[in-house]
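This report refers to the structure that appears directly beneath it.
Each chain carries a letter (A, B and C) given by its place in the written order, and its residues are counted from 1.
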Amino acid sequence: MWPMWEVTMMFSITLFKKEVRESRWKIIIGLIIFIITAVSIPFTFKYVKELLPMIPELPGLEGFDRYLANYNIYTWSQWNGKNLYQVGTILAIIVGMNLIAGEKVSKTLEFLLARPISRSSLYFTKFSAGLLSLGLVIFGSTVFLYILSVIMGYELLAGDLFISTLITFIGFIFIFTLTFLISTVLDEPVKVGLLSAFVLLLLAIPGWFQKTRQLSVFHHMSAAEYFLEGKFPFLPLLAVLLLSAGMYYVGIRIFEKKQP
Amino acid sequence: MVLAVETINLTKEFNSFKAVDGLNLQVPEGSVFGFLGPNGSGKTTTIRMLLGITKPTSGEGKVLGLDIVKDSLNIRAKIGYMAEVPEMYGYMTGEELIRFCRGFYPSWEDGLVKKYSELFNLPLKNKISSLSKGMKSQLALIIALAPNPSLLILDEPTSGLDPIKRVQFLNIIMKEIVGTGKTVFFSSHLLSDVERVCDRVAFIKNGRLVKTDSMDKLKTQEKIIRAVFQKEPPPGFFEKPGIKKVQREGNGYLISVEDNFEEIFEACKKMPNFLIEVIDQNLEDLFVAYVGGDNDV
Amino acid sequence: MVIMCQQPRPLDTRELIILIAPQIFSFSLHFGHLKLFNLHGIFIAHCITVIVQQERRGMKLHFYLQPSSGVPIYKQIIKQIKHAAAGGLLSAGDQLPSVRELSEDLTINPNTVSKAYQELERDGIIEIIHGVGTFVSKGNIFMEEKEKEGLMKNAVKQLFTEAYHLGFSFERLKGLFLEAYEDAAVKGRKGD
């Protein structure tokens, strides 16, 4: 039975399975929402392109037609540039907020800690399960979008789409790790979600101003530089990943001392 | 003597409140050890430290020879544990929870799980949230026994069970663990249960160990001698080793003995007396004597 | 006051009850009544009764154990087996339950049963034959007369102590004594 025993040193398969099972509705509903959003893109492209010349100039819509230049750019503007990262942020918060705080609320944390699993592998396993859930939804729906677009006869650059989505996903890692950290500190999932949303809102502020845009995670998540300018934002993404690692490290230190 | 559990000056402080205060506990391997104390005396905190769920503020502890701070993962692999209130995942069925727990342990006795879930008549396909408290305790016991642990740590395992189930519970613990070199360490308020099965007990109060001894020694040595002497005993009579307290009772005395009972009793009988009587102390009497007191109404 | 059947022969249920009843009387005197004087007041008796099958003779030996008494359980077991052997309830060669069996039936620590059996073996009351079982010794199954007298003396002494505390005169006590004796004797005769 037990080559598995060595694996539990860093990672627990049985815990991982439980976490994924507990998140299954989040995955399913997330997929449904994203797939619906994905579906809207090829369908709306044609109609919006036709309608736009007919609509009088509306404030905020100036320059919009450049996003309609081709299907690729339209997809980007609707997907990575907007819906993916906005709805995805909410999903990342929802997936992350329950992970530790939820165990505290249901009082099962002590039960879990009484098992032969180290706190660090417990933490890592939950973290991985959350990321996997997010990944499934994000990449799954992106693949769906690609396939649907092709079926409907549009030309979509797979490579660009994938890389942009990867960039967006790195941003999600940041958001998820932040929420996970807060879930380790606060004891109620809802509070965790709200605090995380609040912090992210503050972090979004730099993105509203041209000068400080570089400081906003969301700006980078949208993969704008890559898509529009062809520059892969190495440095910003590295910074995001380092910050995420830092938050993970802080989270694990806090978790080591946590009383169930 | 090989010790299954040993603590040396184990202390846990929460914001200057000492929940466990310099505890020196010794649990011999193969014994059934009762850990007794009033609510809030530090029993659960001690158990949590032994399991590595809580870290001690100072002091050391060893479980099955392993350090509770450095080797707590290995300790938990060898221990079966039942919490006072078994909070398990309510949304899972019994079967699912068993399968979940199984994945954590290097060894697991499927046969034992089957045997006892049938004996207890547990509806394993039902959600745990729908089980009665007694059934939850039974399920928790099965999960504690299944990894074939060398040490069973139980926190108030039988509270919440009816008298028949309690006997059944203890019986199963006796069958599976005792007599095979394994150890049982349990805290309980149900002193009659403790009296039946424990061979050693420890009394804890305010986080400190107040008394620890074998059950048989407690029963044979802890007595109160009621004596009405014909005249005052000579000075120094009451200083004999083993006498812990002397109270006047009308014309006579109540002599509380904790050791050297036979000697003291003989000495009392030799003194000219109107009455010498032995009052036995049961565990409840001892519990009140050693850990009662502060908050008596 | 206490009648012990001296004849080692198969007993039917009624005889058994008659035999046991006075023993309860004496046991309660030992373990129970002292508690009346106990300042704590309420005497809670936890009695565990078990019926231990004596396969070979189809006779059942009741163990009355009180875990809450001040007497260690192993001593209670020793006493009851000694009394049963001396009184004829157990005969030479009768098989006793194994340590495991008895501890499971009574739900007590098997070490306790072990301890009792070891002491009984040391005193020659029983024999433990490894791999076969535990048996009442073929020799010495009757208690030394001296020991029996010592036990009765103690019982009588407790009785007097209790009477003293309750303020019973000697005459009154005598009356009770004779009454109880008549009662037990009558029951014993009925069983003959």
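Here, a residue touches a chain if its C-beta (ideal position, glycine included) is under 8 Å from a C-beta of that chain, and two chains touch if they have at least 3 such contacts.
Computed from a prediction, not measured in an experiment: that's the story for all the values here.
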Closest chain to the centre of mass proxy, which here is the mean CA position: B
Far-end chain from chain C, centres as C-alpha averages: A
Mean-CA-position distance for chain B and chain A (Å): 50
Distance from the mean Cα position of chain C to that of chain B, given in whole angstrom: 30
Rounded Å distance, chain A centre to chain C centre (Cα mean): 77
Residues of chain B that touch chain C when the two form their complex: 32, 167, 170-171, 174-175, 178-179, 191-192, 195-199, 215-216, 219-220, 222-223, 226, 254, 275, 277-285, 288
Interface residues, chain C side, partner chain B - complex: 34, 37-40, 44, 46, 48, 67-75, 99-100, 103-104, 106-112, 115, 161, 164
Parts of chain B lying in touch with chain A, wherever the complex brings them together: 48, 51-55, 73-74, 76-77, 81, 83, 86-90, 99-108
Complex contacts: residues of chain A adjacent to chain B: 1-2, 4-5, 8, 12-15, 17-18, 106-108, 110-111, 113-118, 257, 259-260
